[in-house]
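These are the structures, in structure tokens.
Both complexes below contain chain A, partnered by chain B and then by chain C.
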Partner chain A sequence: MKLMLKTAAATALITVAGLAHGSFSDDKVKIGVLTDMGGVYSDITGQGSIEAVQMAVDDFGGQVLGKPIEVISADTQLKPDIGSTIARQWIENEQVDVINGAVASSVTGAVTKVMSNAGKITLIAAPASHAFTTSACSPYNAHWSYDVVSLANGTVKPMVEGGKNKWFFITADYGFGHALESVATGVIEANGGEVVGGVRAPLGTSDFSSYILQAQSSGADVIALANTGSDMVNALKTAAEFGVTEMAEVAGLLVFTPNAQALDPAIAGGMKLTTGFYWDMDDQTREWSKRYMARMDGKIPSMAQAGAYSSTMHYLKAVEAVGTDESDAVMAKMKETPVEDFFSRNGYLRKDGRMVHDMLQVRIKNADERNNENDIFAIERVIKGEDAFLKLEDGGCAFALSQE
Partner chain B sequence: MATFFDINLFALFGQLLIGLINGSFYALLALGLAIIFGLLKIINFSQGALYMLGAFAAWIGLNYLGINYWWALVLVPLAVGAFGILLERTLIRPIANEDHLYSLLLTFGIALILQGLFTHWFGSSGLSYPMPDELMGGTRLPFMYLPNYRAWIIVFSLLVCAGTWFVIEKTRLGGYLRAGTENPRLMQAFGINVPLLVTLTYGFGVGLAGLAGVLAAPIYTVSPDMGSNILIVVFAIVVIGGMGSIGGAILTGLAMGIVEGLTKYFYPEASNTVIFLVMVLVLMVKPVGLFGKEA
Partner chain C sequence: MYNKKLNLVLLGLALVAPFVLYPVFLMKVLCFALFACAFNLLLGFAGMLSFGHAVFLGTGAYVTGYVMTTYGLTPELGILAGVVMSALVGLVYGKLAVRREGIYFAMVTLALAQLAFFFFLQTPLTGGEDGLQGIPRGKLFGLIDLTDNMTMYYFVLAVFIIGFLTIYRTIHSPFGQVMKAIRENEPRAISLGYKVNQYKLMAFVISATLAGLAGSTKALVFQLASLTDVHWFMSGEVVLMTLLGGMGTIWGPVLGAAAIVSMQNFLASGPLANYIHVLMGVVFVICVLAFRNGLVGELQKVIRKNSG
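So, the complex of A and B:
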């Protein structure tokens, strides 16, 4: 219904054939962007992700070894069946070489299966689940921006070490929430803390006051919000309204920049969280983000959107280096080249498909610290990639472990 | 249910009070729906979208026009009501005599369009509306901390509900209204302008949704999907109360808020299904709803 296959600004250049020594399927490189155009995740991905991928293509010059690079996109409406159907169509009828995106973990799971069976690469920039590089790993997955393990290690661990021992979870009652809660619980218990209670709130709960009251009576030091988007914003607002924030600390485990912007600094100021990217970190991030914002009506990029650019760029560089768009050769090259750009610091794509890079622990700024509406995070510390992500040997990704 | 006997009574009181707060919200929204269905026989699926519109109108008023919360409480329901009247005159009126399904589909389509437009204009992440200074803070009760704003919601929405019920059921104007929908021809013969009455009633019903939107803005995220999340629940409440029963909608709204609150305490995973469970049970035992009259 809403499936709009849009051929976005492909290069209209007439290609000079025969310059490249390698082989290219259908004489071009075609990137499919699967995203959420109108749903709850459309601000953190959506048009911004398409624009970020297009920007990478433009920055690359619009062609690789004389072959044009084309970008097409579609809306999954956050439904796994629609996602996998589009992926299949793209492979069979559109000669798509690589998919960037897929947004929700559920949709991504369906899409990566189709892609892996066809021997095509999926660049996974937005989803949180760590399954794509552990239990559901594939030689064709490249998981870019972050995952639940890095969020738990970045946010939870320092708090437990700082003496916040008793935790209460308000968890989104579906796969992502459960994964985040179980990973975070592992980190809490490994560091000597305990989980004193929790509730599982259905996705799209409008009123959190009942759960906040339960959290309050549990005597927890920290109320962990294992949800995201407007659920997270609503839970945090309610916590502040009921005076919980004076007794316990609230930790948002997955906060994207647009969500942080939707929060009143009087409520969210001081909250610590983990992110894979912040636009205002240094000159390099600012330079890229300003160019992105110029294309996106001044909206700042989320870590998913920045990751979409970074992963596309890394892919294109690998295609250029090996002189073909054949997936196995490209993936091998991607894994052997360090990922060092505005987005990724000390990054590399591990055998299991995890892009390990430095993560940031940030604090949401108070109103008096902000210079403008986009000035939302203060960077507290940099978490080394090796400390943030799950180790290869602990992930249980069979094909990667057998190569060790 | 072993936990049932060692529950903390204070915590239970807290949950009951919260249930009552949410219930008064439901009552306000269900009231608008019940009026529109009971008097006009329109199944208004755009009520949730108009609630969202009310919240956005409050936000726009504050950020672009300098209209504060208190003025928004007055002006936004009027504006949303006027918008509703426009919809009624241009789109709903032409199909007024068709089957209920047509108005249901039409208003559902309107809701989707409104939600899509606001997602396009304001994004999906939502906006933040500050709490009015006068209602900041709260009171520490023996069993819980009651924010002033929540207390205000209970008092204000119950007053609005009671006032509306009184006007429709007990006054001459309400009598005209009920008679006008019962037998429009006869009423017109008495010199009552029935089409005008119908239009104003529709405007009032959706104005209530706008009012609920303003009340919700300071405590929930103002986002395009806020209406679709709540609409189905409110519909279930109207069905449980008896389609078209004004008093039934109010009482059921409050009761379902409490039922939901208790479920959130005992078994949170079921909190968004419990109302539908009640609906199924009620429909099995009394198909016209708890307060509905046999047709």
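So, the complex of A and C:
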């Protein structure tokens, strides 16, 4: 009964909001894509993210309720100050209604603050930190593809349960790495494992040998790589050269599909990891990915790029349903509608802005299992969204908890 | 300040500018102009090339950001805290650096700046790679709300004018004359009985303080203090601004800062975004090869030729 009342109240509110504002700012919907064009994350986001958003707009028909949809983009160079300056300028000068992307948790933190202050929605598809839906949450954040909690639950938990008790961390020395390490440590200790050591490597390290030797002498069962991109690739290669992979298991905690593709199957084959999306999962994902690859010279999409499409589509559908681009009404609609598309299975956008959906635990295929160069992962199991992500009440997101 | 008319025209332009151009962009220009002027005081008038000036900009920004977010101070107190801290850091760094000259001075300042960079990266107070985000602009004297960009612009303009006049007064004071004497011929200044190192230290501290003022103001404008502000790229950028505009001229750094910030702004969203550093390098090379006195320096030459 209580739920019904709430729903009724929410619907009434939306209707009123829709009637009151039933309009579009500057007579169009403008989507800004912030991304990394030339840095270490340009393969997993970059041009692909812009293309994915544009593709969502094209699939939507280029307009919503007769109003044109426009996409603009910019390069943050992975710097928080540049990202927030562009976001501010977009809001104040360009009448941007929503920002999609903003790669790297540091940049996204700055951008979401600017957006929330202006009452505009940020669709967060690429960054990993779970802060955007917990300590730094906002009614205007929608965190899409994955987060550090789901990576730790997906990859670390089954390994500890399978008897891998001693862990050693090689961590990227900045916000994302620290967050991933601390969340993963929590999961390890809660399941009876222990962390026997760890080392922090600066972003963009090329020589991992001293870190690998430290890991080797620690006697750990698992060496966890809490880094990503080329850092992860280099660390794994070094581990293989030192023969560490034969003594201990190496777990890549955040491996994007393009990174996995770049690795030699002889080294990476058999490694298990967690991802929010894999292009070759079923007919729906294949159909979408084929169209994406046709636009991107045959490059396969990462979960960040697929998430950019999915979040944009969900946003546009909500705009169409409420008949305005006014943020509060659109966000309420987005949270009310289940997210069910090629990207997301059993997905819904929770009150705190977390898009909860099924994650995949995958294994990197060995060379003899691969049919072609894009055949990279074998899906081991599907992790239910509720098991993968942090629970709302454990997240500590103040505004969402007060609505309970 | 060659004549009153020119100054009045410029002031008039500054007052109407936000109605034509984007205020946040103008505020950025003003902050960097003040930073470059402070740097120019040291390089252009005292002949000391500091290669770590970003540390003062960054200290101002971080301290102001920290006290405003943590203690909820009003902006003028926040800026004061940032400026005082920059002055103190300037005093300590200056004490160590002025003992050496030329390339050694530059290297000492660079090394000290790298130490500070590491501190800002590692300390839990600054948020590491994330920086200090969401710094409130607050209410000036508890009365005037600065969240509005127009109000903020006139506040920044006032800060800039105060800083600029301070530099102008310093240069045209007896102290400034001694500074120039040291720049031209240090042994002679010593032989005349001036305690050269004290004068140099004073110039260093004034420059650091004003750079801190620029940093504090910048932190309020963008509501962010990040590692970019203390990185040695920033120290290099201010050298470029000063050289391009005209080292040792009053208006040179202002023009140089405006040129560089505009370049960054307009190129960032265009098709040349990836080549921004290359283009800035090309500008630097052309400037050093073709017009070594900078834009304002060359302009002055032309005016002097025509009138003489």
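Basically, the second predicted complex is superposed on the first by the 383 of 404 C-alpha atoms of A that agree within 3 Å, B and C clash if a C-alpha of one lies under 4 Å from a C-alpha of the other, contacts with A are read in each partner's own complex, and residues count from 1 in each chain.
The rule is simple: a contact is a pair of C-beta atoms (placed from the backbone, for glycine too) under 8 Å apart; a residue touches a chain by one contact, two chains touch by 3 or more.
None of these values were measured; they are calculated from a predicted model.
Q: For A:Ser23 in the superposed arrangement: first (chain B), second (chain C), both or neither?
A: The answer is neither, since A:Ser23 touches no partner chain.
Q: One more residue to check, A:Glu241. First (chain B), second (chain C), both or neither?
A: In the superposition, A:Glu241 touches chain B alone.
Q: Return first, second, both or neither, reflecting whether A:Asp75 touches chain B, chain C, both chains, or no partner chain.
A: Once the two structures are laid over each other on A, A:Asp75 reaches chain C alone.
Q: For the three-chain arrangement built by superposition, which of chain B and chain C touches the greater number of chain A residues?
A: Partner touching more chain A residues in the overlay: B.
Q: Going by the contact rule set out at the top, does A:Gly38 touch chain B (first), chain C (second), both, or neither?
A: both
Q: Once chain A of both complexes is superposed, is A:Ser135 in touch with chain B (first), chain C (second), both, or neither?
A: Once the two structures are laid over each other on A, A:Ser135 reaches no partner at all.
Q: According to the stated criteria, A:Asn366 is in contact with first (chain B), second (chain C), both, or neither; which is it?
A: neither
Q: Looking at the overlay, what does A:Arg88 touch: chain B (first), chain C (second), both, or neither?
A: A:Arg88 contacts chain C only, not chain B.
Q: Where on chain A do chain B and chain C both make contact?
A: 38
Q: Write out the stretch or stretches of chain B touching chain A in their complex.
A: 8, 10-11, 14-15, 18-19, 21-22, 116, 119, 123-128, 130-131, 138, 144-145, 147, 149-150, 219-221, 223, 225-226, 229-230, 261, 264-265, 268-269, 271-272
Q: Sort out for me which residues of chain A touch chain C in the complex.
A: Within the complex, chain A contacts chain C at residues 37-38, 74-75, 79-82, 84-86, 88-89, 92-93, 105-106, 109-110, 113-114, 117, 174-175.
Q: Mind pulling up the chain A residues that touch chain B in the complex?
A: Residues 38-44, 46, 173, 199-202, 204-207, 209-211, 213-214, 216-217, 229-230, 233-234, 237-238, 241-243, 256, 258-259, 261-264.
Q: Under the touch definition given earlier, write down the residues of chain C that touch chain A in their complex.
A: 22, 24-25, 28, 127-131, 133-134, 149, 222-224, 226, 228-229, 268-269, 273-274
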